[in-house]
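The following pair of complexes shares a single chain, chain A, combined with chain B in the former and chain C in the latter.
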Partner chain A sequence: MIFKEYVCPSTLAEAYETLWSHPGSVLLGGCTLLRRNTRTSPLGIDLGGLGLNQITKTGTDLILGASVSLREMETSCGDLFDGALCKAVSALGGIPLRNVITVGGTVASRFGTSDLLTVLLALDTRLQFYHSGLCTLEEYLNMPPLRDILTEIHIPLGCSRIAFQSMRNACTDYALLNAAAADTACGLRIAVGARPMAAALSEAAADCINRGGTPAQAAEASAAELKFADNHRAGGAYRRELCLVLVERALKEAGI
Partner chain B sequence: MNVVHQSVDKIDGMGSVLGRPVYAEDLAPADALCVKFLRSPHAYARIRSILKDAAMKVPGMVLILIHQDCKPVLHTIAAEAYPEGSPYDRYLLEDTVRYVGDPVAVVAGETEQAVLEAMRLIEVDYEVLTPILDFEQALDNPIVLHQDVFTNLPIDNDPARNIAASFPWTRGDVDAELKKSDAVVKSTYYVQAQLHAMTETHRAFSYYDARGILTIVSSCQSPFHVQRIVSKTLEIPQYKIRVIKPRVGGAFGGKNSTFIEPFIAWVTKLTGRPAQMIFDRRESLTCTNTRHGMRIRVTMGGKKDGTINAIRLEVLANTGAYGEHAIDVLAVACKNTLPMYAKISAVDYYGVQVYTNMVPGGAYRGFGGAQSNFAIECAANELAHKLGIDPIALRKKNIIEEGESHPFLAGGSPAGDAIVRSTTLARCIDKGRELIGWDSKYPCRELDGDRVRGVGMSVAMHGSSIGGMDVADAEVRLNYDGGYTVFSGASDLGTGAETILCQIAAEALCTDMDHVWIVAADTGTTPYDKGAYASSSTYASGNAVLKAAQKLKAELLRGAKLVLRTEEEILFDGRCFQTSSGKTLSLSEYLTKVTYWKFAPDYFADEKTMPQLSASARHGGPTSPPPFVAGFAEVEVDRRTGKVTLIDYAEVVDCGTVINPKLARIQVEGGLVQGMGYALFEEIRYDKRGRMLSDSYTEYHIPRRLDIPRMQVAFEESCEPTGPYGAKSLGEVVFHTPASAIEEAIYNAVGVRLRSLPMTPEKVLAAIREKEGRQ
Partner chain C sequence: MTVTFWVNGRRQAWEVLPDEVLADSLRSHGFTSVKKGCGQGACGLCTVWVEDKPVPSCSVLTVRMAGKHITTLEGVQEEAAAYGSLLVAEGAEQCGFCAPGLIMLVLAMKKELKDPSEQQVREYLNGNLCRCSGYYGQIRAAMNYLQSERLG
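Now for the complex of A and B:
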């Protein structure tokens, strides 16, 4: 993407005001996705000066600022959530790329094949937007485009076990399908992503387990419930088969 | 040997990684015009009109060239020895475009921004035509791509049928022989096109030097052929053009066509200005050339005792929009693969290249041999299973041995078939079997209910330069400072070829690497060389350097006798001459005496005067001695996802003498890695209108470190009597085995055959499901 002008505001209020007062302006995270866009925009708004690069823990939540890089998240949150956050980004390019990509950009862009979104969804993540306030990741994934600034990502610490599975043609290629199963404070959550549409929860799979079903039965329930589509990396029918395997394996790995 | 056979560091390695200004772009004049192509968005179209007035008004615009501006000189851009086998089916620019990305206009301006802006303002009116985007539909299709085609050589082309070239070769009666076979395999294999994905994209710049020589500095593979093509297309005498190849950041065959040079030279010719063109990654991937995709039908018959008695190969290859290297690739698919099995009674080959509206095929490491080797080796493995014989035993029963001949081997004549004079392939197979742990792993081992590991193997051969075509000259000079300079037209593409040539010269002159310089790949200063293709630099260019260095040494001994005024036998250890009676003369004393008048005016006075010594020599021969390899793969297959994970790979190589073990090892590893990507995931995708979708490294995945298993590389050296110090080639043969060895390992693990590359998890799972359905 080509920007005619560039600003780096120092307050959120200023950033938000600029976003709304300049039609066509774009928020800049790590710019890795934006870089591949060939359009021209009148204004790029750099979020790097807002101090959103903190990683903090409250009694209940892990809070990641939107400007935290994937690498910072990996190196400081490795011992949390059975290492699932690390596992979810370990195949994303290499370390140099993960030094640049922001957590905020990754979540805000709702990238379909994202591994991280699947894990965050299973963990019942909440998103803090500057103007619209708090919402669940699930709500955000189903929302029309939102012209607001994502400031923080809140991940509840109450998850006792989580396992993540992902499948790709080659190691750092995009995922063909991924799945996460988490035993959270508010119950079992099973998420499947890269369908190639963005991650979605499978209520049917969780219900199945809650009613005493086996991981294999739960996997069948998720494959029946969720939608899968073709893209040039794999067909929808194949993705459905992968769903059977990955959900079962995630549940078994998590000991559920 | 002191220098040959040593792991000498690449002479330019450190300089290149330290960022010294050695690559084309580093060397370009700062005021070079920026030149770009406006490219066709259509796979097939006729241009009705081009309006460039608005574009020319952009500040900083200098020149826009379109088809009406160019003399219609039919030519090929394949940079290969003259007379080229490739059909002449291109003009610089034409009123017809035949693939998405075909150049429509050459746009030159002061800045990149001006050029990009201007490109948006050029109005092209296209009459869009229906393209051919399926190569299996191209033959005799009512849509025809080319009318004007000229050929230098009989290549059995037929533009009206979309045939760019065809190549038949037969020995014996295959059908009669197949009736005698106890088992026959008839299989069809699909091998896909592939992108070169070299680090440095295509680029070159041109300028007039002080004297008015049109000078081109190009990241290319064959400066002499570039010079000839530019001369032909622009009608400038060859001697008024100089082409220099600087350091090159990878090529793999992809830079063996003149995509850029004639166009920038044209701009320089018209404007008098330096001009530079740099392809961005997208252009480099989608608008240059690819490995030829092919469909290969194999019929292979075998007898109970394990003898392969007949093979038929029918190749349909996709040359894309133009026919660069079309015939050569068909020939290599025949000559560099089939001679491996020598006990055969009948062998039959037919290959045809068809035009389609897709990105042109071109040279790519393996050059047809890679594709047909995959088909032959998969069929050989299928045959072994059908006959109930271990695949290793089948190979050992049939492979060509030292002293054996084959009708398709390069260098044969009506007087007799060529023979193989060096091979350790049988030993390579034994060694690979041991390295992979075949005896304890074959055919497979269960890990858990879902995962199983299998092993598979295959063998391959290639050639060393093109017999009966490739010529390399070299010159070696003794400098008055005590160093030697090698002048060679060979093109080092980052492979270490220049290091190898220096090693060969140093060895012959009993000196060390420090004392040998090389000036290479510059039509203005170095002797002719065919360039870097056909695995020829070490073998052919190396032979020329060796002969020249040996000649120089003989001259030097003669000179020392003159200075010592002796007729005695004389020895030279690199630093000092010694006669049998004990008279000595150091090299530096010698040089002082023959260089400066004051020391010994008498040397200059008489007839026997000794000028600065220099010797030239040439390599050019009918043969192309094959290197051999045996490859062994261990894979893990997940039965439920179809995922194939590479666990271990052992490759054992007979490249004759290993001139530089370190450089040889990285050649092998690099070739294997490219072969693994080809086997498992590299795939070029097009949309319905013929636009290549694989236009970045996120859309075209090449192997990353994590995709690569443990690799064990070993050498079983032979000594090739026609090679420099016994060396053969190495660069291409190392690409061949992974795909077929992995295919066989998958079969041994889960019992399914994957006859279409790449073997993606989706295809593997579909094959497993199909097999379950049959049971």
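Now for the complex of A and C:
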């Protein structure tokens, strides 16, 4: 049991009003993470009726509606960003599962080991919320829980090169650590995720490269700057070692 | 709640719980080709098609199926037998519990990918777990199946 009652609103206003008027209610994306909840919610609010399943391109951004599935994103956007969006989800379950999981649920849940969040952070992604408006993914990752509906994910198209790297014990397992390096319109961005906390940017690594440092020196700067922790998959000290390797590889692969 | 949809081309109106998943609804109505393994979308045993796309039916809410077309192994017997016999020929069929999900995924792959390489086949079938075989027989059978379909 994940919820007791179900509604499928047809407007965002109705969905948002229902979310606030029903304490404990949950928004339903693909429900794959929600199904692991042990707590039963009184009400599930389906976002599937809101038409948030569009993929559009403006002059500056790729815009993914929150209900777009990971598989739709893979098959429609595979040629963008050096294939990094595909690479970031290719290890996530099988294709049937990726037909169900939504981009919105993946971003909104701020899942620590997410590969996609790391790539989106490197790409300087913005998030459009129904009530709170636009914010950067970086701001969202550092915010307290937000009771709002994520409607769109805006990815600036101005990135010239990006590379994604991850380390996993088996190719379909969760990442022990992941890293992405991107040369974007607003400069170099280096993100490290699955620390096991969600992705964070390493300003020190970007500064190091901007001052003429090598990829190996930048990787050292990121390993010194970012926090890593232990969990059942790997220790923090091991993750720090992985950071040295993955950040250097990502920078070299991106030709930075 | 009553939900109306199609299963293998036949219209159905089922009474379901608000958070009931499709695998449970299908099994309780006799579509027992749908097997339940992990119940979390990780093993692929419960794969069915919704509007021709493969999905893990343990991770899909039945209430969301209103107006949709669902296909289970019972609805694709002929194609299933074609791949199934190649699976047997390769000695890849042992306990058989993962076969319905695997077959639904192989048939979906045939529709979606044009002349896939073995690597693409491996990537497509990744996520369908088998605890008897080492996947080699299943992959060989899939390649043979695609080849035989190409030759007609």
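Convention: the second predicted complex is superposed on the first by the 255 of 256 C-alpha atoms of A that agree within 3 Å, B and C clash if a C-alpha of one lies under 4 Å from a C-alpha of the other, contacts with A are read in each partner's own complex, and residues count from 1 in each chain.
Following the convention adopted for this analysis, a residue touches a chain if its C-beta (ideal position, glycine included) is under 8 Å from a C-beta of that chain, and two chains touch if they have at least 3 such contacts.
From a predicted model like this one, the values you see are computed outputs, not experimental measurements.
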Which of chain B and chain C A:Pro96 touches, first, second, both or neither: second
Contacts of A:Tyr238 with chain B and chain C, given as first, second, both or neither: first
First, second, both or neither for A:Thr172, with chain B first and chain C second: both
First, second, both or neither for A:Lys4, with chain B first and chain C second: second
If touched residues of chain A are counted for chain B and for chain C, the larger one: C
Partner chain(s) touched by A:Gly29 [first = chain B, second = chain C, both, neither]: neither
Footprint overlap on chain A, where chain B in one structure and chain C in the other make contact: 36, 94, 171-172
Touch list for chain A against partner chain C, complex: 1-6, 8, 28, 30-32, 35-36, 44, 46, 48, 71, 90, 93-97, 99-100, 171-172
Chain C to chain A touching residues, read off their complex: 1, 18-19, 21, 40-42, 44, 47, 53-56, 59-61, 63-64, 105, 123-128
Of all residues in chain A, those that touch chain B in their complex: 36, 91, 94, 167, 169-174, 176, 232, 234-235, 238, 241-242, 244-246
Residues of chain B that touch chain A when the two form their complex: 640-641, 643, 677, 680-681, 685, 693, 696, 698, 701, 703-704, 706-707, 760-762, 765-766
